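Alright, structures below, take your time with them.
What follows is a pair of complexes built around subunit A, which joins subunit B in one and subunit C in the other.
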Partner chain A sequence: MLEKIVFKDKLDGLLDKLGREYGLFAPVKDGIHTVWTAVFKAGDLDWNFTNTDLSPKGFLFPQTECMLVFENDPGSTEGMILKQPEPEDRPKALFNIRPCDAKAFAVLDLVFEQDPEKPDVYWKEKRGKTLLLGLACNNPCPACFCTSVNCGPHHTDGLDILMQDLGDRLLLTPVSPRAEGFISDLDHASEKDIKLASELEQKAVGMIKGRVNMENIQAGSIIDVFEHSAWERLHESCINCGTCTFYCPTCHCFDIQDETSGVYGRRVRNWDTCMSPLFTLHASGHNPRGGKLARFRQRFMHKFKYMPFRLKGALGCVGCGRCTQKCPVNIDVRHVVNKINNN
Partner chain B sequence: MINPYLPYPVRIRDVRVATEDKSLRTFELEFINSEDARAFDYLPGQFAELSIAGCGEAPIGIASSPTEGDNLLFTVFRAGKVTSRLHNMNPGDIMGVRGPLGNPYPFDKIRGKNVVIIAGGYAVTTLRSTMIWLLHPDNRDNFGDITFIYGARTPGMLLYMQVIQEWEKSGQVEVYITIDREVPGWDRHVGFVPQIVEKVSPSPDNSVALICGPPVMIRFTQPGLDKIGWKGDQIILSMENRMKCGIGICGRCNVGPYYVCKDGPVFTKVQLDMLPKEY
Partner chain C sequence: MQELIKQIRDSARQLLEEGKVHCVIGYRQGSIPMRAQPYFAYTPEEADNLTWSCFCTHNLAKYLIGRKEPSAIVAQGCVTRNIAGLIQENQVKRENIFILGLNSPGMIDHRRVQARLPGKIIHEVLEVSDHLVISGPGFEEKFLKRDVKRDNCYTCTNRNPVIYDQLIGEKGEETGGGNIDKVAAPWEGLGSDERWKRFQETFKECIRCYACRDACPLCYCRECFVDESRPQWCGKTVDESDVYAFHILRAFHCAGRCTDCGACESACPVGIKMRRLTSKIEKDIREMYGFTPGLDTEAIPPLSVYRPDDSEEFMRK
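Let's look at the complex of A and B:
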């Protein structure tokens, strides 16, 4: 039996142990928002949040990330030669990350590490040293539909430890070998607590009323889904603001830009959005996705058709519901997918 | 761990104005570290990101052939930010090259076949590489007849004419060069590339066509080839889309589920017919 039990008011021991190796971060309320914040002791933790406003993807894929540096001086012997900077030294542990957000990391592993010989080194370096301690959802948010997209409120994909909230105590299940050391000295969980956790899981699954259906999207040809007549109506209210892409835990598109200040120069990558016409604009002025419909469609085609096609069925959506909650014109991903699924 | 975003440092060895209007220049780049030259193992059809610290990167087809030695050739149209900066650079300047990226033309699959090359404008770059490679003694016997059809607006806009004349003289290639309109003193073909293709009427038997050019040229060449019996899987095209990462991660160059940078830039007509026209 691997499951361990720890009382919430006794968590400091575990946090201290983690804190020796990792910088600790957890979701904490800040006014009406829930944000990822540095935490130091059990008293800093919040147990009543649904999920953070922004996804934690920025920990592994920062909104702006320095990729390369150079000496901005053509006269110097090493000048104008791009070099890789030293990575940040201190690893991080994300405490109370939700299963959907951990699943999103597992999906992004397939993208950033698609070529094992030449992975995206910036992602891989941080992913390898970031510990994910997940908190299962007992009260999924109303926009959630994780159970329709290969995920679930108590799922473990991408996690190192799953924690299930039993009220005054947590049931801890190690998922990856590197997690075991941190919880080895905790008490074993009782059969009763294990049963209670699985009841909570079933209850949470039952509470998720949002459903998306994708059988026809998956079975149809790329062209048929691309040319579906419903895109025309569905895209009309979208203002191409890109909010959905910034909040989404699996949206990973980026731009690369160079910056200089005196003799210091660097190449950075910034989150980008397929909703912007600049995203695909050729230097000639030609734009393969020049229209709003084309850009709206790309976001959904990418997540629900292209990614599964490339990544052995993996979807580019984990059902967190953020895009639905944050869209200024109330576009609901569930509605879009269900409409496109109807032929 | 190899960092796929880190360019190899190179020095500009030579810059040549390539066309009469000076909109194109050919750059010869020399690797600063000889081990990088060995690591840069490429075949015709692939491209590289030309990387200028402080300015950015632009994806450009490799115009040299690996049979020509370690230095790389790129012919670049002055289009925007990065390419304009490049046009202002001089021999001796330091820059970077990241690659090789994308897939070469499928030389293994087309072994033993006749090769018809159809090029328009400066898209001829990777086809220069292809021709040099095909004509190399190591490779020439593995292919059948080679036909090279190439057009530009005016005589002064034709790239690589010196080496093209050498191919012609070698008797190993049938060469057809065309310009859009009559010009005094011009004794070769006149007319758009699609018209010349119809006139040459290359046989589809045991043949493949490699086509690079502006979208209009490709669109009008197609019906001519269809008429004389060419099938979609014999027609191989090289595509362009805006790029950043060049390795299938940044998400911008897709045509349907394929990334032009990683799965292309070389596609067959059959493949493209099954995809959205987002290019």
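Let's look at the complex of A and C:
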């Protein structure tokens, strides 16, 4: 039996142990927002949040990330100098990460490490060092639909440890081997607590009313889905901002820029968004996704058709509902997918 | 409210039946609490999806830009002012639009509602006359609407439509009651260090999603300065200097044109109060030029004028 139990007011031992190796971060409320914040002791933790506003993807894929610094002084005998930026000093542990966000990391692994010979080194370096201690959802929010998209409120994909909240105590289940050492000295969980956790899971699953259906999207040809007549009406109110893509835990497009000042410079990559016309603008002036409809369609096609097609069925959506909540014009991903699924 | 919704639907249905317009731009019920979705009704049947509430925070004037077919639009005070501005700037043809004007009830800031219910998951919010009834797992609360309005709606100067073809309901209170000049420039009296500090605090969390720009009916440049690459005016990172440059430039581009509709603040996913810049600029425009944007489809905004006899020498040369 692998499950362990720890009382919330006795968490300091575990946090200390983690803190010796990792910088600890957890969702904490800041006004009406819930944000990833550095935490040090059990008293810093919040047990009453739905999910963070911004997803944790920025820990492994920062919105602005320096890839290299360079110096190109024609007068110098050293020639052109390229240097790696200093790596982060301490690995991080994300405490109380929600299962959907951990699942999103697992999805992004498929993207950034799809070719094991040539992984995205910036992602891989941080991902390998980051420990994920997930907190299962007992009270899913109204925009969530994780159970329709290969995820669930108590799912373990991507996690190192799953923690289920039993009120005054947590049931801990190790998922990856590297997690076991941290919880080996905790008490074994009772059968009763294990049963209680699975009841909480059933209850949480039952609370998720949002559903998306994708059978026809999956079965149809790319061209049929692409040319679906519903895109026309669905895209109308979209203002083509980047909000949905920036908040999405699985959106991963970026743009690379060189910033120079005299002979010095740095290469940075920034989150980019398929909603922006600039995203696909060619140097010639031609834009293959010149219209709003084409850009709107791309976001959904990518998540629900191209990614599963390229990545052995993996969806580019984990059902967290952030895009629906943050969209200024309330475009609801569930509505869009269900409409496109009707043929 | 029910009466207004009925009138909007009836008028929209009639306009569509008679073929007077190709589409009616309004709102429909949102999919999550405290949201209304911009909606385009093309058939008399679709007119029945239209609704009206105190959650209609988006500025629908934005959707008139570039529309070729005659369209009707549901528009409260500020939105009609933006329509007037778009007519003046030749972006919209007056004869091409049919304005269903109505008095604004003052729109709700959903963040204010959430702020009063820390940690609560809101499942439903109903409008009951001048109250909101908010409920979720294990709670029900009742708030006065006027306590949870958007900042700009407290100081609104034109709740009634400025231009319209048909009035929905009746005209009502003209203002939100607050004194715009008192709150428009919260940093005006501060020293420059303190002002800089407030400015940084206000904007530092911006993620540059550009929802503020894309929601704003003033922002219709074919290529926005932040997207220009030859030359690139503005860096692309979320480093402070790039974020601040974006916001300062954006605010100046709105000068003398902004109607304080609040769509930018409502759209922002972070809750950034970017009106602290634009409302200060609009106050200056009122005080220096005696000009209020969007009251007249003919009036040229002061910063769009060039006069050979300008009193400033640098302008003449």
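Things to note:
Here is the rule we use: the second predicted complex is superposed on the first by the 331 of 343 C-alpha atoms of A that agree within 3 Å, B and C clash if a C-alpha of one lies under 4 Å from a C-alpha of the other, contacts with A are read in each partner's own complex, and residues count from 1 in each chain.
Assume contacts are C-beta pairs under 8 Å (C-beta built on N, C-alpha and C of every residue); 3 or more make two chains touch, one makes a residue touch a chain.
Since we're looking at a predicted model, the values are computed, not measured.
In the overlay built on the shared chain, the residue A:His302 is in contact with subunit B alone; subunit C does not reach it. By the touch criterion defined above, A:Glu117 lies against subunit B but remains apart from subunit C after alignment on the C-alpha atoms of chain A. Judged by the touch definition given at the top, the superposed model places A:Arg310 against subunit B, while subunit C stays out of reach. In the superposed model, A:Gly75 lies in contact with neither subunit B nor subunit C. In the superposed model, A:Gly43 makes contact with neither subunit B nor subunit C. By the touch criterion stated above, A:Gly262 is placed in contact with neither subunit B nor subunit C. Using the contact criterion defined above for the overlaid structures, shared-chain residue A:His335 touches subunit C, although it does not reach subunit B.
When the two complexes are overlaid on their common chain A, residue A:Lys326 makes contact with subunit C while staying clear of subunit B.
Comparing the two interfaces of subunit A, the one with subunit B and the one with subunit C have residues 255, 257 in common.
Residue ranges of subunit A in contact with subunit C, taken from their complex: 29, 31-33, 48-50, 53-54, 63-64, 139, 141-143, 233, 236-237, 239-243, 246-247, 255, 257, 259, 268, 270, 273, 276-278, 324-326, 328-332, 334-335.
Of all residues in subunit B, only 1-7, 9, 32, 51-57, 79-80, 83, 93-96, 240-242, 244-245, 247-257, 274-279 touch subunit A in the complex they form. Remark: subunit A residues 67-68, 70, 72, 74, 79-84, 111-112, 114-115, 117-121, 124, 221-223, 226, 252-258, 260, 265, 267, 269, 272, 274, 279-284, 288-289, 294, 298, 301-302, 305-306, 309-310 touch subunit B in the complex. Against subunit A, the residues of subunit C that register as touching in their complex are 30-33, 35-40, 58, 62-63, 111, 114-115, 118-119, 121-123, 137, 207-211, 213-215, 227, 229, 235-239, 266-271.
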